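Naming follows writing order (A, B, C and D), and every chain is counted from residue 1.
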Amino acid sequence: MKNHLGPLAFLLVLIAFPLAVRDPYYQHLMILVLMWVAIGSGWNLIAGFTGQVSFGDAAFFGTGAYTAGLLAHKLGMSAWWGLGLGGIFAVIIAFPFGWICFRLRGAYFALATLALNEVMRHTATIWESLTEGMVGILIMQTFVSKIPYYYIALAIAVVSLISVQVVMSSRWGYYFVSIREDQDAAESIGIDTHYYKMVSLCLAAYLTGLAGSLYMNYMGFIDPTIVFSLHDISIMAILVGIVGGVGTVYGPAVGAFIMVAVSEVFRTGGFGLLEKLTAATGSPVMVLVTKYIKEAHVLTFGLLVIFVILFLPNGVVGGWRKSRRSH
Amino acid sequence: MAYFETLGLVKLFGGLAAVNGVSFDVNEGEICGLIGPNGSGKTTIFNLINGYFPLDKGEIYFNGNKISGLKTHKICREGIGRTFQIVKPLKRMTVLDNVLASAFLRSHTKSEAVELAEKTVSFCGMTSLKDKVAGSLPIASRKRLEITRAMATKPKLLLLDETAAGLNPVELEEAIALIKKIRDSGVTIIIVEHIMKVIMTVSDRVVAINHGMVLAEGTPEEVASHAGVIAAYLGEDYCAAG
Amino acid sequence: MKRMRFGVVLVLVLVPAAALVGLNPVQAAEEPIKVGVVLPLTGEQAKFGEIEKNSFLMGVEEINKAGGVNGRPIKLIIEDDMGKADVGRSAVEKLISRDKVVMLTGGYSSSVTYAICAVAQQRKTPFLVTTGSADKITEQGWEYVFRLNPPVSEYPKALNAFLQEVVKPQTVAVLHENTLFGQAGSQEFAKQCEETGIKVIVKEGYEHGAVDFKPLLIKVKAAKPDLVYMISYVMDAALLMRQSKELNFNPKLFVGGGAGFTLPEFVKNAGEAAELVFSATLWTPSVPYPGAQKYYDDYMKRYGSPTEYHGAEAYASVYVVEDVLKRAKDLTPASIREALLKTDKMTVFGPVKFTSYDKKTQQNSLPTYLVQWQKGQLETVWPRNVATKPYVYPVPAWSQR
Amino acid sequence: MEVFVQTLVAGVLKGGLYALIGIGMTLIMGVMGIINLAHGQMMMVAMYLTYVLFHYLGIDPYMALFVSMPSLFLLGMFIQRFLLNPLMKVESILPENQVLMTVGIAMVLTEIARFIFTSNYLSVQTSYSTKAWYVGEISFSAALCVAFAFAALLSAGLFGFLVKTDLGRSIRAVSQDNEAAQLMGIDSERIKIITMGIGAALVAAAGTLLLPIYYLFPDIGGPFTRKAFVITILGGLGSTVGAIFGGVTLGLAEAFGATYIGMDYEDMVGLIIFILVLLFLPGGFKRLTKV
């Protein structure tokens, strides 16, 4: 129980956050962070814990988003139903895919997920009669205030973390990690590796699909290039997982915060802090630095990614075993 | 029908027969040694029994059931555990977690599994190492971990693949003791081993393999004095000269 | 290792915290009026974002040199949306909350524009949409959203008149890029064709950036359409024309449906294959609006590369912003909105006036033109009253051009 | 019939270009066992080099090969030496760390290009950019024919290099069994550095040959990276001849898909073939031809 005190305290802080910080800008950033916690947890489950690296999380994310969007657009239902169904539809995509593709190992599986990502994006683009193609799906947002979205996102993030925590301390968790560590050994001790990889993938797809539905509801507009984006969703999910900590329960939470917050810090030049400093000091070096960071924030960010992979290969939060010392 | 029985196992690799019509029986409760020179197909036979490779021909029966054609994990569920010649520890997990992962197979709840794992760890004499990370263990402990992990699946038949290779004399004695202890607990064992001392001391019966075929079968003494076996190990010339 | 992690955490906590604490806006006497601009400056749409950014900066510099808004300069705060809706939303939240801009403009891709619109409406901050062209954006009844450019469905207006009066084609092939612009535009065009009795025999999309259009063109050629209508951006457009010429494909006419066919880069890349190609367009430097050509020349001089209609939209936007801020009785959202509603301003992009029609509200409406490449020059050929040259039709086969 | 033949020609010629893009990747994936997601971006760097040489120094793209290939060779070596090799020494849970590193490299290369050249479309117009040869009604694009010939030449050369020279044999040894090769005294780190260099130089050739008939902007790399790994999987890892087969197969599949199904489906056809090959022909065409 002692282990849970820290997270509980942190949860209380998060619950109080929108009441303390009224600025919608920061609330918006936190909603994104919480959404990425769910996606990152999903990725971490299949890749970090089970060792089956996925480059195609966007396939599930997009399915969740489109489920919510199409429910509203085609059936006139509330897009909030998507929160219930988005994850399920993502699983419906994940299931046959995993069934067929889990005979592939390592990088080959990763490539297959990448292909799934692209196939889904093309399908959503071409199938105009269903998805409206690139015209996209537009729904009216339910709330003006960000606070309801914040709490829904928080609930999803907490559910993700708790389910990962629960799964990982159960039989499934041990099986997942065994598969990651050595698939042959896992088979030889009676683990149906194909089946448990499927379980892991479907759980991951569910969480990712859930996040996708949240995105649709919160942003109100989607098109195939946004939600099936290889770069902005799939790779971002991997970065969240890796930066935070591969195979750790709270890693994706840290990763999500870093990826969203740091990229925003770079994008805005430290929320405008750099410009203030430049104006205050008037030093030409600062002018140069500010100009560089403002114009090349993606470059800076890319350098950060390289740095993290080189020097923190298992992310900011350490490896699985460390968090299991308490046993 | 014997407790464990293989009938005409054949495995081809790219047209070459690695195992070519191997049939042998193992009786309940005995230790059966599998010997043969390098490349004679012993490990391949294990991989066939264990379902790691699909059989090209032949059948395997265990405890009255046909197990050939089943998936590896099903075969384990049937009660056949194995160790690997090249050890495959779950590196980033502790010794106890390694064992726990396999103890789940015969447990309904986690607490049951933990209990079984602790019991197995202490049975195999690894209690002092149980919180060590598997990747950090020396080779002898890794080999022992292989056995411990296999034992946690409560096997009726255990396949040991070169568990004694690379051990020093003290560790060797410990390993032999452990194997005997496992046999005494009621587990049937098939053991592949290079070190003759181990085979001769623990085996009740020995099957000699060469070129993927059974060369001789019998008590350790019978097989050791079999002309063909000596020839296979030491070369035709030695045999002719002798 | 542990110390490193601590360091990382420290940085992560301190930077946002410092940002939160230290940044209250400083009040000054001749304080500039802040206007937020959201554009894609990185990512795949960055090319257009850059053109718009440059045009915005050029425009605002001219305005401020001429005295700004009643003596106060305009300060544009340009934010990068990276082409992502969620980042666009972050950007606009920041502009409103932290920078306290009085109004917003910009918005390139429809997805980002939509995200900005939703926030602008919620936070009651007037937003002048520069580019985002999805029809739905002005169909939501948002009172704080105004759009300068026409919606995508209205682009082929001039072409229709030309087809009915002059060409009278029986069959048409429609090729389009799989983007919002391509898909929505081709649907609208196909619908209009069906209504006027022109048969659409091929309608096909392609992924932007294809290397080889020959398989598509071979098929279209075999179908023998009278007219080929293509919604493509500049480099795809050039490749399409080049490869049509290579395949000796001779329909009665080729018409481009996007801005792609009117750019200097198009004629440079397509070479002879550009000759006598028509295009429907909203804007070229030769449109009959005051300052259009001058804007084009100034841009070329200043940035060394050609601008196009997105740039003109941006340049026009900043002048509309100036006009609106001058007329607004104060800088509250309500007054700015009032002023926007009463806008009637001639810009390089055409007359700007926000009206409501069909389902749309606060939408600017602009005439469209038909242009044709003649001897390497882009000539406006339709409507007749503004034509700089008569159109060349029928178009001779490639071998005789 | 004309439609069929012209589609065939278009597919094969485009396939040649694809092969050129794929050869470098097949070598890198074969030897290093990693998916190089910066492959297209390296091609982009070569294209910018070619552009600069043409635009400022008036050097013909075909001559620019002599600059772009060595330059990218150095860039590839640099990346391997300082960014990828160090990763092999750090203990990490997922071997895919290297793949992620290439994602980071791709980001950095793209943004550096944007920083220097902005996002404008750039192109190189040569006399042969629009040239085509005709056989009856069927057209053959000159630049694509050259690219095809070059692809065949390079892959034959590379094949010879891998089979005949000591260095080539070492590369093959590392690709077959890294640990065994190290035991035999091969400095596998050095081999990997060289292999990455060669892979980069090969994709540089593709970029330089593509530029006259295509165009250039910083984000051009992504789609070509994806094509490259499809080709590699089709052809089989590490197989130069396989890359030609893979490239031509992809070219043909795309062309026939575009003509007979729809240009919408061009990419989809390639991806579906890719998944089918992954599943039913692991090892790609290499396994059928045994080359």
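One rule holds in what follows: a residue touches a chain if its C-beta (ideal position, glycine included) is under 8 Å from a C-beta of that chain, and two chains touch if they have at least 3 such contacts.
Bear in mind the structure is a predicted one, so any value in this text is a computation, not a measurement.
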Farthest-lying chain, centroid of Cα atoms versus that of subunit C: B
Innermost chain, where centres are averages of C-alpha coordinates: A
Euclidean distance of C-alpha centroids - subunit C vs subunit D, Å: 35
Centroid spacing, where centroids are CA-atom means, of subunit A and subunit B in whole angstrom: 44
Length of the line joining the C-alpha centres of subunit B and subunit C, rounded to whole Å: 72
Centre-to-centre distance between subunit D and subunit A (centres being mean Cα positions), rounded to whole Å: 31
Shared-contact residues (touching 2 or more other chains) in subunit D: 93, 111, 264, 267
Sequence positions of subunit B contacting 2 or more other chains: 92
Multi-partner residues of subunit A (at least 2 other chains): 122, 125-126, 247, 295, 298, 319-320
Pairwise chain contacts under the document criterion: A-B, A-C, A-D, C-D
Residues of subunit B that touch subunit A when the two form their complex: 50, 52, 71-74, 76-77, 81-82, 84, 88-94, 96-97, 100-102, 104-105, 110, 113, 131, 133, 149-150, 152-153
Complex contact set, residues of subunit C against subunit D: 42-44, 46-47, 49-50, 175, 178, 204-207, 209-216, 218-219, 222, 234-235, 238-239, 242, 245-248, 265, 268-269, 271-273, 305
Subunit A - residues contacting subunit C, complex: 23-26, 28-29, 32, 122, 125-126, 128, 133-136, 138, 140-141, 144, 215, 219-223, 225-226, 232, 257-258, 261-262, 264-265, 267-268, 270-273, 276, 295, 297-298, 311-312, 316, 318
In the complex, subunit A residues that touch subunit B: 169-171, 174-175, 177-178, 181-182, 184-193, 247, 319-321, 324-325, 327
Residue ranges of subunit C touching subunit A (in the complex, touch as defined): 1, 4-5, 8-9, 12, 15-16, 18-20, 22-23, 41-43, 79-80, 82, 84-87, 89-91, 93-94, 96-99, 110-111, 114-115, 118-119, 122-123, 134, 136, 140, 178-180, 182-184, 187, 205, 207
